[in-house]
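Okay, structure first, notes after.
A, B, C, D and E are the chain letters, set down in written order, and residue numbers restart from 1 in every chain.
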Amino acid sequence: MMNSMNNLKEQLKAHYKIAAFEEPTKMQLAFNVEPDKTLDVLAYLKSIGYGQLSLLTCIDWIEIEEFQLVYILFNWDNGIHLLVRTSIDRNNPKFRTIEHIYPGVKYYERDVHEFFGVEFEGNEDSYKHLFLELWEADCPLKKDFDPLEFSTNRYGNRKYETNFPRKVGGE
Amino acid sequence: MEVNKLKEVKLFLGPQHPGMHGNYSVHMYVDGDIIKKARPMPGMLHRGFEKLMERKLWMSNMAIIPRICVIEPDINEMVYAMGVEALAGVEVPEKATWIRMMILEMARVATHLFALGGIGGPTGLYTSMYWAVAERDLILDLFEKLTGARVYHIFIVPGGVRKDLPEGFKTQLGTYLESLEKKLPEYQELLLKHPIIHTRSKDNILLPAEVVHELGVTGIGMRSATGKAYDLRKVKPYAFYDQVEFEVPTATYSDALTRIHLKFQEIQQSIRILKQIIEKMPDEGPVKAPIGTGNALKLRVPAGMVYTAVESTRGEYGYFIVSNGKEKPYRIAVRGASYPQGLLGIERYLPGHRIDDAPLWMDTMGVCSPEIDR
Amino acid sequence: MTFQNFLNAFLFVLAAFAFQTSITGINRKVMARLQKRRGPRWYQQFLDIFKALSKSSISHGWVYDFGVIMALGGIMATVIFIPVADFRAFPNTDNIFIISYVLAVGMLGMAMSASGSGNPWASIGVGRALTNMLAYEVPFMVVVVTMIFGFKTASVGEIAGIQQGLGIFGWNLFRMPLGAIVGFISLQGMLGKKPFDSFIAPAEIASGPMVEYGGKHLGMLFILHDLSTFIEVSLIVNLFLGGGATFLEFGIKYFVVYTLANLVSGISPRFKIDQAVVFYYKFPLLASIVQGFIVIFTGWGVTKWL
Amino acid sequence: MKQEKSMLSPLKAWKYLVKEPVTVSKKDIFVKPREAADRYRGFHVNEHDKCTGCGTCSEICPTDAINMIVLPDQPFVDGKKNERPAFDYGRCSFCGLCVDICTGDSLHMTKEYVHITPDVNQMYFMPDELGIHQKKFENGWLRDEVSELLDLERYEMKHEGVSRKSSFIEIVKGFSYEMALAESSRCVECGVCTQTCPAQMNIPEYIRTVYDGDLKKGIEWIYKTNPLANVCGRICTHKCESACVISNRGDAVAIRWLKRYIVDNTPMDQYEAGALAYVTEKTNGKVAIVGSGPSGLSCAYYLSTLGYEVDVYEKNALPGGVIRYGGPEYRLPEESVKKDILMIENAGVNFICNTELGKDISLETLEEKYDSVFLGIGFSYSRPLPIPGSDNHEVKFAIEFLGQARDYNRGLRAIPDISDEVIVIGGGNVAFDVARTLIRLQEEKYGKSSVAMAALEHREILPADLEEIEEGEEEGLKYSFGYGPQAIKVEDGIIKGLHVKKVLSIFDGEGRFNPSYDEEDQKIIPAKQVYIAIGQMANFDFFNEEMKNNIEFFRGKVKVNDNGQFDHYPWLFAGGDIVRGPDIINGVATGHDAAKAIDAYIRSK
Amino acid sequence: MAIGDKVELSSWEKLGNFFRGRSVWMMWYCTGCGAIEMPPTMTSRFDMERLGMGPMATPRQADILLVTGYLSVKTLRRVIYSYEQMQDPKYIIAFGACAVNGGIYFDSYSTINKLDDYLPVDMYIAGCMPRPEAIMNAFNDLQEKIRNNEVDGWKRYKKNYDQYKKNQLKAVGEVYVHDEFHE
């Protein structure tokens, strides 16, 4: 298994000049890809056996004004998870869909669009709200969204009419 | 597909619908009984977990994560703990790992029993549902003895488990397993051999192998179609799954009946694993390794990001955890195991089936709405 | 036709309702046993019905309201024609064709009302119910016609009376075993018990025709359901089990038949509606035709019997 | 796969018609609900007398369900807040984390689980020994050592070995970064310590800065209430640590050492910025501070930050009072003192040394020249011991001796006149300071040491810190605790030893100081010098007669109001030893209070 | 009208309460995670049919709405729909912490905190989640209260309809369920 990991590293290095790899845990490889190369890398990875897209998610690095898209791929035959990461501008979050490579990504892209506001060009349904309905506030998973404040304003908190010390329910 | 407005009726299957397990909805157009168009409608259980988890301490999160999937909460605890341990570089003590496996397998039995009984819901065989849920309740009693709660156990924590086994627990579990083994053939006879179940589910709701890859379906759906033992417990063993003997039931033709059969066989395999766990678990030894220094309020996990996954009853269940070295996680993303079959699967592969098949799709593929919604 | 007749008829409908409702209650306990539990009080069904009647209720238009009344009226009228032991509310009116015809009025009212509620689930349910009816009626009618042909009478009471002479072996259950099997299978469909209850399947179409009923309407529906159950089970008892010489005998037979239907229901999943039709048109239809041939061409079971 | 099909097999289910159901009986549900498992996480109970009100449960609670409610009628004790947790069952998720982290071991979960009500207010309650329904239920989930969420063991600092006694090198080494981090992570930030600290220092806040690595912020937090950061980081009496809630079940957080870590490890520029963060613009007003001990310095610093012109009068050559002349070098190195005083000077305080009140300047002059006067003269004289022989010239007193020793360490004078066999009378921290300083001086002068100690109190009830007693023993102090000095044996003007008797009791039945002795057990401890360290006192001679009449004295202290103001003389304030007795942190606190009061007084004028 | 205020009843209503208090049908709607304890309650182990309770497929037939835990706003729209479709008299039981004060999701942007702002609640069960025994006890208590005519949630809803509507609109914006197809 270690071999396939090293092979993969070498191939990625040879084809796409990716040099920096991290291994967060065993059988897992994380690396950054330039945004414009991402689709090529993903297509290549799919062709060499990483047939499953386990997850597409996004991280909001608010301090450096970046969204980091993370594509997590899995190869069921050698058990290696890949974390393919790419960064896009937080203020103009646009990326291309990979629906033609991994059709299963459709709803993940809707998900990311809904919670981070990233637009995936080419995914027709991605503008629709999936989980939230009639949502008008900011994208909730952005770091500058405060859910507690939102909840308190909109749904309120209970003020109990009680004085302590007091027993409840005692007869 | 152009919808003929005169002939076709718009229907909301759920969320308030007895065929729906959980608060989930499918909007569809039907022509008579045939579904012409279907669209999943999740979000009724959306609580914003990924946001809430960013706001709580690493340890406080233990209380909230099991609630992502109500039916099988323990995988959440496990996968979260695995992620935190990977980031913090903590080795889990041996006994703790065995206890974790015990919990996971007990949960698997419980969940499969629930799902197996659940087949009785959409097909109308309520008797099996009544039996299976009562059977599952006995596992919940065992869980209560072990962890102190029936449903949300909050027992697997980063570093190990919260407490050692209670006295005599192994014996109690062993007794239960034996009685369950005696009961299982009854389900086989009532449910699996039932000719009407065969009529309803054989050659119905097919899932071809190429569709599996297209959707990203994992778990029983994948194994029943590909015929390969694509189970994370085998492919990428976590805990001590490489130290116990078990088989992963597979099939090459994935209709609803096959998937029900696989569920049933997985229960048997889990019982086998549980018996080995009882045998192999050491009596003594620590059950929790210290993680970091200081109290739980100030637990900090080193910066980094990691994806951990375990095999749930519905497939690959993963957490993507990002830490920036503070007391709270920076980002946690959840891969619900039923995401592919519950969303894209319904949209693409439900049309063409009858209304009656929709609940059966949910049950045999394993669609857990809270983990989709999060 | 005297006042006495009408009083009798009224009391009979009441008694039929009370009888069937009690038996439903008892059967709920039996089903509970099958499911390893204890079940409700035996009179729970009464509480449920009166509870429903005590609730408020909304209308979905006059078709909806009228349909229920029409259905209930039709069914009550049908009950009057059912012969039980030697009791007839109106003598010589227990013709099976009258019963079938009046019963259909009730069913039609039901269908009308449910469609009138405007809920798509109800429409699907009604569609399924009618399909289902079509499925079980065909083999059942073949058997009934066979029976009428064999015994040369269309009176249910008379058919029952004929069977009573020869002890237990005089029953049509033994005279026409194939027909009896078809009868019981059809009963399952008539009662809407599994495996033929796809028209009310809660997990698929949210109880089908009943989806919009609530409160008083639902209460009436329950009464209607209990009465129609009474009609259907009584028919089977009369046609295949020789009715009963006394009320007690009839009651016991009735209970056995209904409980058996329930027990079968308890261990069966439901057919999809297309599968139900296919099922009825295979074995039961064939068996009923074979039975017809046997009776018509050999007389075996009618003329040649003991 | 073989998928069998059988018409008849489902019929086997009918056998359950005659079998007993699995249903739980109604009695087990309604009359007495089934007993939950031994670990069940049901409703909470809280033993109110064990509960410290620390609020840690509220901190860990993932749902914000626990609110700390102040109970006004609850007695206020050191180490306990008068708050108790109230649970909002409209929030609680029954995770049990609060039980696992409870510092007082008071919070448990029971097996009770049925609570049904139409009234929403009944969902909010304060658990006590009985549960929500005032019925006794067995305990369910209890904390054990595995589920423990606190870190109970202290990360110990390195100490110098016994060879330390031959020099004045500082005994305790400071924390390394890792250890400070680990130690700071043990704090639960409850604030019980703040409440206990006389100066109300923001202890959790500055410990948090250690954990966050933001030491400048830490300096700011410390200087907010205490300008003697270096000194208090080393020789504070740390009342906070005895109150620390972690000490209920484990070792208290090393608050003092963490403070020391902050002051030792902050770069000088950041340190200065932090220390002077509170300095504001100048205002009109002049204040005289008499005495540059802790209280005087504290008062001077805070007045200076408020913008007043402050003059500090000190009778000795160097400012600092007890911190300059009292604490021994091996505990309180000179640099620490210098650093603290430098910061205070930088804040704008003007020191006038070698000027003693009553001798070089009078109180009346000060009253004329300044808007307000603060007295922080301290207990700068030793209390004499009235026993035979105590008038011998070889009988030395603690304060004077310690001052000489410090001056020797500073290189300002020759080594004090010490003999090679001495005895120290007294059992407080000062006595140990004297004794251990003597050891070091003896080692230096003679190459060997012989110091005996005698005190009325038995070892177990000795007022000194435990670590002093243990370390002193390591260094070779010969203890005779529990022996009361009767006379100093003098022959021909030369001291031969101390006559002591075994103490039976120190106080009589009415609680008055009246020791009784065991006449059978007496001995003479040989010594050539006797050092008396049984307490200190102040000299109030500078008050004129009128003032002496108007000011209330008790037990060698003066009576002032809570702000340190004299009732008859609103311009005159006092703090430190003469108000609260000898203690550095009390001095700082009273100084700070007085500074605020002086500010208010001058503004109101 | 405060909880527990008694009003003189006609004998018809008393008779009605007699039946209503012995036969209560619940709506088959799993609104939240507390619903996972409903199957054990319904099925053989705890067998709530003993109390005359059973699941009903549609709101029209149901007497009682079980709000099993948290409600997201999206669900709240549907619950309001369902509740308003139910026939009088109707009751609501709120399960667990979430319905009282937000529970573990008190800071969630998509779940409501106080159920009784939007719908009249007749009974609360403490716990997260309540055990089947607690649920059974709650059902029993509710039935007793119905028989004693102490439950008046549905009357309160009618009486304060404007207030409830205002709260509902504040939380959900629009009580209209959209179609997923967007056509």
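In the analysis below, contacts are C-beta pairs under 8 Å (C-beta built on N, C-alpha and C of every residue); 3 or more make two chains touch, one makes a residue touch a chain.
No experiment lies behind these values; they were computed from the predicted model shown.
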Exercise for the section: Using the touch definition from the top, list the chains contacting both chain A and chain D. Expected result: B, E
Fill in the blank from the handout: In the contact graph of chains, the distance from chain A to chain C in steps is 2
Handout entry: Central subunit by CA centre of mass proxy
Key = B
Fill in the blank from the handout: Relative to chain B, the most remote chain by C-alpha centroid is chain D
Completion exercise
Computed over C-alpha atoms, the centroid farthest from that of chain A is that of chain C
Fill in the blank from the handout: Per the C-alpha means, the centres of chain A and chain E lie apart by a whole-Å value of 37
Problem - Cα-centroid distance, chain D relative to chain E, in whole angstrom - result: 56
Practice task
Go ahead and note the Å separation of the Cα centroids belonging to chain B and chain D.
Solution key: 54
Problem - Inter-centroid spacing, chain D versus chain C (mean Cα positions, whole Å) - result: 89
Exercise for the section: Would you pick out the residues of chain C that each touch at least 2 other chains? Expected result: 32, 34-38, 202, 206-207, 266-268
Practice task
Can you tell me which residues of chain D touch two or more of the remaining chains?
Solution key: 10, 13, 21-23, 36, 62-63, 88, 90, 93-94, 115, 117, 120, 122-123, 132
Exercise for the section: Provide the list of chain E residues touching at least two other chains, using ranges where the numbers run on. Expected result: 28, 43-45, 47, 50, 57-59, 74, 100-102, 104, 106-111, 128, 131
Exercise for the section: Write out all the pairs of touching chains, ordered by chain label. Expected result: A-B, A-D, A-E, B-C, B-D, B-E, C-D, C-E, D-E
Problem - List of chain B residues in touch with chain C within their complex - result: 9-11, 17-19, 30, 32-33, 120-127, 130-131, 134, 190, 194, 196-197, 199-200, 354-356, 358-359
Completion exercise
In the complex, the residues of chain B that touch chain A are 42-43, 46, 48, 50-52, 55, 86-87, 213-216, 218, 222, 228, 230, 232, 235-236, 304-309, 316, 318, 320, 322, 330-331, 333, 335, 339-340, 343-344, 373
Completion exercise
In the complex, the residues of chain E that touch chain A are 73-74, 77, 100-102, 106-114, 117, 170-174, 178, 182
Handout entry: Parts of chain B lying in touch with chain D, wherever the complex brings them together
Key = 56-57, 59-64, 127, 134, 141, 144-149, 152, 154, 160-164, 166, 186, 189-190, 192-195, 198, 202, 251, 257-258, 261, 286-288, 292-298, 300
Handout entry: Sites on chain D touched by chain A in the complex
Key = 69, 71, 84, 86, 88, 90, 115, 117, 120-126, 128, 132-134
